[in-house]
Amino acid sequence: MNLTDNMADNINMQVEIAGIKLKNPVIAASGTFGFGREYAEYVDLNKIGGISVKGLTLQKRRGNKPPRIAETPAGILNSVGLQNPGVKEFIEKEIPFLRKFDTAVIANIAGNTIEEYCEMAEILSSANIDAIELNVSCPNVKAGCVAFGNTVSGISEITRKVRAFCKKPLIVKLTPNVTDIKEIAKAAEDSGADAISLINTILGMAIDIHKRRPVLANNMGGLSGPAVKPVAVRMTYEVASIVKIPVIGMGGISSGDDAIEFMLAGACAVMVGTANFVNPEACVDVAEGIKKYLEKYNYKSVYDIIGKLELNE
Amino acid sequence: MTNSGAQKGTPLDAQPVGRKGVYPYLKRTPLDVQFTGGKGVSPYLNRTPLDVQPVGRKGVYPVVRLDALAPDIYLMRIASGYIAENALPGQFVNIRSCEGINTLLRRPISILRVDRDKGAFDIVFQVRGKGTGMLAMKKAGDTVDIIGPLGKPFFINESFRKIAVVGGGIGIFPLLFLLKEMQSAEKTVFLGFRNKECIVLSDDFEKACDSLHIATDDGSAGRKGLVTGLLEESLDNGQTFDIIYACGPGPMLKKVAYLAKKHNIRCQVSLEQRMGCGIGACLVCACKTKQGDDWDYSHVCKDGPVFWSDQIIFDE
Amino acid sequence: MNLTDNMADNINMQVEIAGIKLKNPVIAASGTFGFGREYAEYVDLNKIGGISVKGLTLQKRRGNKPPRIAETPAGILNSVGLQNPGVKEFIEKEIPFLRKFDTAVIANIAGNTIEEYCEMAEILSSANIDAIELNVSCPNVKAGCVAFGNTVSGISEITRKVRAFCKKPLIVKLTPNVTDIKEIAKAAEDSGADAISLINTILGMAIDIHKRRPVLANNMGGLSGPAVKPVAVRMTYEVASIVKIPVIGMGGISSGDDAIEFMLAGACAVMVGTANFVNPEACVDVAEGIKKYLEKYNYKSVYDIIGKLELNE
Amino acid sequence: MTNSGAQKGTPLDAQPVGRKGVYPYLKRTPLDVQFTGGKGVSPYLNRTPLDVQPVGRKGVYPVVRLDALAPDIYLMRIASGYIAENALPGQFVNIRSCEGINTLLRRPISILRVDRDKGAFDIVFQVRGKGTGMLAMKKAGDTVDIIGPLGKPFFINESFRKIAVVGGGIGIFPLLFLLKEMQSAEKTVFLGFRNKECIVLSDDFEKACDSLHIATDDGSAGRKGLVTGLLEESLDNGQTFDIIYACGPGPMLKKVAYLAKKHNIRCQVSLEQRMGCGIGACLVCACKTKQGDDWDYSHVCKDGPVFWSDQIIFDE
């Protein structure tokens, strides 16, 4: 072992979010990493800070018609529409598998009504998971969760009510499709969120000019990938500078350097989504990239950079 | 109910869920094989692929050659002992057409054939958009970042004596590999193309089968009309097959499935759908399949691309 | 002249927006084409449908500190901050030059107060220009125009008041940084806008991880370029399907095919911004690309495709 | 007030606003020249550049060669009769480092020198990020999409008998062209580098001047310390110059400007700033300049990159 290795080993990559200890600040983003299982042969799940599983609903959902994906400049649009086996099957079939690995498990949930959210939170409170992530912002489902994330009153109500049923750390995931992300984040914090994650996808559309129809069967979908990074960094900064609870940043992260932008902006942890499709090892690469950066600048812990952005002027 | 292989209860077919199934072919699990010969050492070019250590089924492999077969149709030979040894007919590779962000997602392309001795495999692709366009600009010695082999292969059984293979357009490519691997059966092949100029690899198909029938939309080669017309005629003339394998455009597959059902022949079809991850995680590559009396979305990348035709609901 | 040329010549590229006849539907976007002058040696200005000039203020403005630009994946962030010589110098020095060319001239204006907007509209009403474009959405100026474009009441008030002073066709340019673009667009229409243009830039941030500071001296800036296209197409569709006045679409257009997406979504014309930096001939290339598309599908006029998107399902 | 050329009222210098100024050098307007020799015909490779017909000052030209001069520093020779004939010292070209969207904006790079006989010019660039990284991957025969020559050149006057040239780091490159074009003056050159390994083109500079003085930060070559130290010493020792030309990092330029003012020598500096359009339209490349008693933002791409040092406000 040479000197560099030694130094790297001295770097503390651990972060704590709402009481959950992550071995490193990189979490696989919901909907892009299945239930971990699918990626297990490409990447050592033990090396990932956590996994936010595919968005769960109370009952099994089939999701939207295909095509469900379109490529756009430096991004993708998706309209999966929350296809998932339902929260109970998740608990029975997926948690036991996930628990074989030393990584935090976050259950991402979405409902058609606040009652559904509450019921899921209650069910999951006695499951072997580390935290619940409230998806109040999925743009791919017609009725339902969109409405909750768009207004201060919506986010307050859903956070407060779910909080009452939720015995696990509660992460509220925000939609970027709002005029003022700060007031939404503040409302979530004030209503009992233990942490905030952002951004979910930005509503977009791609048109097949030869068929003269939208590419996605669902017409619109959510934009993610490198294209959204500047918007995500901005919102992460805005939110982190106004709330006291931890912020998990995401949107277009595919390297350690990308992640550092979010952490300087105030994110305690990051999630990696679309990049997994391109590079199945993306989460580990991002974690290693963060470590390299810390090493280069002689930092001892990720906390040395979180929120350390200095504004110009 | 119907005549699918699954219904007939072949244990080898009914059982494979996800990637843990045991396939008779090559006497090993197609997708969970240990990474062995692959370790990047390609006897073909006698050097290790550049850049990246292959992990799982992901590797960076050198392009051996790129040939234009027809306007906008290219054959690429790629050196990968790992894929050559492990690929099964019907499987695909998921290729990154470039580094950087000019295209983001990988492109799924079928494996045309493998050369196990030389540790290489071939793909044929049509330039459709940016991704395939960039692939067509690769040169020998360049590398390609590939995940594969992926997906469920065609169901092959030594008991099949007479098989029919039906391909349309760029759907013909996985079928050549299938023909090559089914040494003992009597193989009748029906291929459909838009016109004479679009016909590629007909010599290879000729050699790999017992009788080859070609149809073109405009009659510039072979029979004028749809390839399913050829199949239908042959079936109506009393031809029988143990199984029909088909790959091509949706309407063609639907018709083949219908004919197979009508003539009580088991049939497998290989589907296409836009993909995100290619490995079953993102759930974008949905296709409608029967689940008992109900239906559900299966996923082309991991439940397919090859399905029993009577499991597919073709209405989308 | 061969057959193809003949066919192309039969295609009617003209569009009319709020009474202004454009020889083709491609307009150079405000802030990216200076006052036309700078591009005159790279591209024949007579071949462009129109030019929306650099955003004007009542008094000369120096703009923000540099750096004012950052590159992001498939996009750029800018924070020029409306550097411009003021409306009077524009009228004296720039209009005479622009009027040498056969292209529509649109004056893009921004103010700190509604009164400033009104005063500029009044001054420009007697100038030799074809239309006024109200920039109610510039995210690069601290006080001022941001507020007007973000709310229904803001957009209604400013549109109504400026309308009273404006004798020229009035185009209201919308910001994408809102929860519901439809209600904003409707408010602009109801308050007297003759046309709507969208999208302005999306607020974003890029961080120099080595300096641990934002790249832009202004910290945040507006995102434009290919990255934003799916968001812009979606908003163009949403707005065009709810208002009756003409819609001018923009955001990430760099080819005829890109423009066709916006036109199918309902835009009568398009603006080309960031692409000019990469390719000074972008506007003409986009116009030619539109023509090629019409030719390929045997359309006789651009109106044959405007709003002709069919939704799936 | 100060000693700027503008103040002294040289008509040739005061007058050029935008690109319509008449420069004595080469006896024609530097930026508005008619597109002549350029028409894409490059005698150097004896073929026309590919792809695009040059319009205005935009063209697609072939790369003749790419050489590594030092770690991360590359010299690229590009065939363009147009640029070779029309470029003036201090001007830059705005290069697209790739097609597609891996990088979007063009990168401004100074012209190192021109070879008018062969219809080619050279640039030297340091790999800093994605754009320069991709340029460094070009090969002879590849093409580059270029707008240029752009910007205001150095002010050259036959009456200058003794000149000083001060360069730091990657700022030295436009200075070589300047030295080459100022045949008659006595030329003293001061160059600063980080260390010995970073020194490039010192032979070329040696040949192009009368005396060359080098400083390195760590003393691994030449004098240890800043290049402005060398200049200061020389001035303090009573050396006089008709003009000082400088290009390099901001603090260096500020110091040179200060020394020039102190010693009452006219001085030109070449600035850098992030650019959008490169042609004066987008107004992003701002730099603070004096305007009478007030200040305003000028623009590096069209008002510069070369400015009279006493016009610049160095506080940003």
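Labels A, B, C and D are assigned to the chains in the order they are written; within every chain, residues are numbered from 1.
Everything below uses one rule, namely that contacts are C-beta pairs under 8 Å (C-beta built on N, C-alpha and C of every residue); 3 or more make two chains touch, one makes a residue touch a chain.
Computed from a prediction, not measured in an experiment: that's the story for all the values here.
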item	value
Reaching subunit D from subunit B through chains that touch each other, fewest steps	1
Centroid spacing, where centroids are CA-atom means, of subunit B and subunit C in whole angstrom	47
CA centroid of subunit C to CA centroid of subunit D, Å	35
Overlap residues in subunit A, where contacts from two or more other chains coincide	65, 70, 73-75, 217, 225-226
Subunit D: positions in contact with at least two other chains	101
Topology of the chain contact graph, where touching chains are joined (line, ring, star, complete, other)	ring
Pairwise chain contacts, counting only pairs that touch as defined	A-B, A-C, B-D, C-D
Residue numbers on subunit C that touch subunit D, as the complex places them	31-34, 38-39, 41-43, 54, 62-71, 73-76, 78, 80, 83, 217, 225-226, 274, 276-278, 280-281
Subunit B residues within the subunit D interface of the complex	100-102
Subunit A-facing residues of subunit B, complex	32, 55-58, 96, 101, 103-106, 147, 273-287, 296-297, 302, 316
Subunit A-facing residues of subunit C, complex	65, 70, 72-75, 77, 150-151, 177-180, 202-207, 209, 212-214, 216-220, 223, 225-231, 233-234, 237, 252, 257, 260-261, 264-265, 293, 305, 308-313
